[in-house]
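Below: one structure in structure tokens.
Letters are used for the chains, namely A, B and C, taken in the order the chains are written, and counting of residues starts over at 1 for each.
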Amino acid sequence: MGDLHLEAIYKEFPSHRVVDGITLTIPQGCFYSLLGPSGCGKTTTLRMIAGFDEPDRGVIKLGDRTLNGLRPYERPVTTVFQSYALFPHLTAAENIAFGLKRKGDPDTARKVKEALDLVQLSAKADRLPAKMSGGERQRTALARALVLQPEVLLLDEPLSALDPKLRKQMRLELKELQARVGITFLFITHDQEEALSLSDQIAVMNKGRLEQIGTPQEIYLTPATRFVAGFLGAVNWVGAIGVRPELTRISREAPGNGARVVEATVSSAMFLGDCFQVETKTPAGDSIVAQIAHGLGEFQRGERVHVWWHPHDEMAIPQ
Amino acid sequence: MMRLRTLFLLPAWAFTLLLFLGPMLIIVVYSLQTKGVYGGVVEPWTLENYTRLLDPLYGVILLRSFVMAGASTIGCIVLAFPLALYIARSGTRKTLLLNLVMLPFWTSFLVRTYAWMFLLRDTGLLNSALLALGIISEPLPLLYNDWAVIVGLVYGYLPFAVLPLYSNLERLDKSLLEAAADLGAKPWETMLHVVLPLTAPGMRAAGVLVFIPCLGAYLTPDLLGGGKSMMIGNLVQNQFTTARDWPFGSALSLALMAIVMLLLWALLRRDGEEML
Amino acid sequence: MKQRLLPLYVISIYAFLHLPLLILCAFSFNSSRFTIWEGFSLVWYKAMWNDGALAEATWNSLLIAAVSTVLATVVGTLGAYGLWKKNSKFLSGSMYLSLVTPEIITGIALLATFQWAFRFFHLQLGMHTVILAHVTFSIAYVLLVVMARLRTADPALEEAALDLGATEWQAFRLVTLPMLKPGIAAAALLAFTVSFDDYVITSLVAGVDSETLPMMLYAMARRGANPVVSAISTVIFVGLGILIVASERLQKT
């Protein structure tokens, strides 16, 4: 048992360098997310931890054991695949028993039953994957990986194959499950909302490099780079200062009490259902968007307004 | 993972090298040597076997093979195109109709060829029927001529034309036809200016896939041509059995092989590897 | 106008494809030896049944087809799996080439090779050379069918097996092989039919002990009209038809 360490990991494919020097530590028992756009190297990173790919350089350690060079079946790490990769000729229970049987576990039957209970699939134990719903498949894949009691569970965009409603529900279940089993979860995703809502810690990746590591709040509120700020949500940039649209206010009168104010002209106003989105232009040519709640007034195109925010909502990022 | 893969490929490699590529190499070597007195192959090395390919005696057979294969190919495409068009437009029955095309193809080639002998020979069904009906007084010489061979080849390789044309026509966006009609094209104009140009890849594939086996046909000209309609394949067989001129037979085989590979290469270069 | 012409054209093409075989089958039940229908009879089937040489040729064909099917299926399946893991353009290209090589060329090339090899081994053409030849040309068919099946497979399945503690061999045997089962069965049936049916290559590499059913059928067909040939043809037609329909079914599951 122990923390998972990646030390200066590099991986090159014939076309380009996919992972370009990543160093991070994933604390034991943590729900850790690797967040980034597609092609940023997060899946390759996962495959190197699982043992499907080997890094060109760098060390992967679990506690003080080096994982480099170990075959996938020799690593105390299991994976929930994006496609789930359930064996189509085996039932849910048989899929879950697969790994235990490879180890010759004498307690296979009981462990499979417990695993089925854990993901609430006891009633569907004898179903083939083709006869399961998306959510059931996902839970089978989870149970199959968890039943081996890995030290780290790798999840490769496990929610992306589900429809949006189910996805939100599974998100809750996943979080709860992790709290119950206490295993380190390394969650790979490109969905910032997923990462923010699930994780204890997030590492944001871009073009094979780490942009920032921190808690969800740190990442969202004090992004270290423009990329992180932009990837996690919309940002208004005024010079080196960034402000989120939902923290930006608009009023006709100048606000008092130390607010940062910019005078601007409304260039468009859109009703988005839960709020109005007002776009304004400063004399300097910056465009500032504000999302304002109903009842805070309606603004017309061409109107001169004060755009303002609280200084503690600012994100200062050196350009 | 590497070791298991290598191990698994080993038998396939062994068979390919020892019993496909190896034999081809032996044929190459034989084609450059001289016929022995009692058959077999002896030195000296020579290119004479290749220059003999141009001898009018054999040239006629080569030329005839091309003409017969060409005619059969055209016949196949003419029959296959409307059929493929019809199948591509027949919704849920597509699979059934396609299987009906393929079914005779998968049964014994020999049996299928014999079926035509049964129909065409002097005492065959067609002649018997025509005689019984009093339309003719003497059996028509339907079997053992070039036409019988062409019919047999068209019959034998029709599916090779239907399949590529079908998959081409099936992918054809129906709204293109509607657009053509909308822009004032009559059905035959749509056919000529929209459908035909868009099915050119299918035509090329069908052409090559039919032409290759027709050019190398052996059994069909042998049984339906009855020795009167010799093609390259029969000449090759003849050189290896009756004439016992293995070097020349080898040179002939390689010439045929070269044409086959050239045609395939041209097709793949033009229409990409999507067909494989 | 075209709407009525096209179906008519299509029907006549289907007639062209199926009638010759159906007529042949029908006349195998004719009591006359001539091609005038005189009445239903099984006399030609009886003659076929009682022909000892025919029985021997059929036995040879079944034996050759069975042995070469087993070998070609094993070699082809392993090869397809190997190529799936890492494609070798040279090997797959050779396989495709062997499929389009005119049979007569394959046949004479094998004949030349066997004769050449016999200089070093005291062997003759016979059952074994026929089987070797059949395995060689069947492998490409098996490879093609199994590869088509593998192309639709999720590569993550094997990774999942490895991830769960299976070795490479176990991943192949417990995950990939069961998944391929229908494809392999279809490939085997196909290999059996192409082997059972082959005349051109077989006739070139066969010895005195290995006359096959197609070889005998060929000789009888050349000799002239004989209703027994129609009876044999019907049996082959129906038998192979069943195998092929079964193979198609399996490929779609």
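As a working rule, a contact is a pair of C-beta atoms (placed from the backbone, for glycine too) under 8 Å apart; a residue touches a chain by one contact, two chains touch by 3 or more.
Since we're looking at a predicted model, the values are computed, not measured.
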Maximum centroid distance from subunit C, chain identifier (CA atoms): A
Identifier of the chain whose CA centre is least distant from the whole-structure CA centre: C
Separation of subunit B from subunit C, taking each centre as the mean of its C-alpha atoms, in whole Å: 18
Inter-centroid spacing, subunit B versus subunit A (mean Cα positions, whole Å): 58
Mean-CA-position distance for subunit C and subunit A (Å): 54
Footprint of subunit C on subunit B - complex, ascending: 1, 3-6, 8-9, 11-13, 15-16, 19-24, 26-27, 30, 79, 82-83, 85-86, 99-101, 103-104, 106-119, 121, 123-125, 128, 132, 155, 158, 187, 212-213, 215-219, 223, 233, 236-237, 240, 246, 249-250, 253, 256-257, 260-261, 264, 276
Complex interface listing, subunit C residues touching subunit A: 154, 156-157, 159-167, 170, 174-175, 178-179
Subunit A residues within the subunit C interface of the complex: 50-52, 71-73, 77-79, 81-83, 85-89, 98-99, 102-103, 144-145, 148
Subunit B-touching residues of subunit C, taken from the complex the two chains share: 2, 6-7, 9-10, 13-14, 16-18, 20-21, 23-24, 27, 34-36, 74-76, 78-79, 81-83, 85-86, 88, 91, 94-98, 100-106, 108-113, 116, 132-133, 135-136, 139, 143, 168-169, 172, 193, 196-197, 199-200, 204, 214, 217-218, 221-222, 225, 229-230, 233, 236-237, 240-241, 244-245, 248
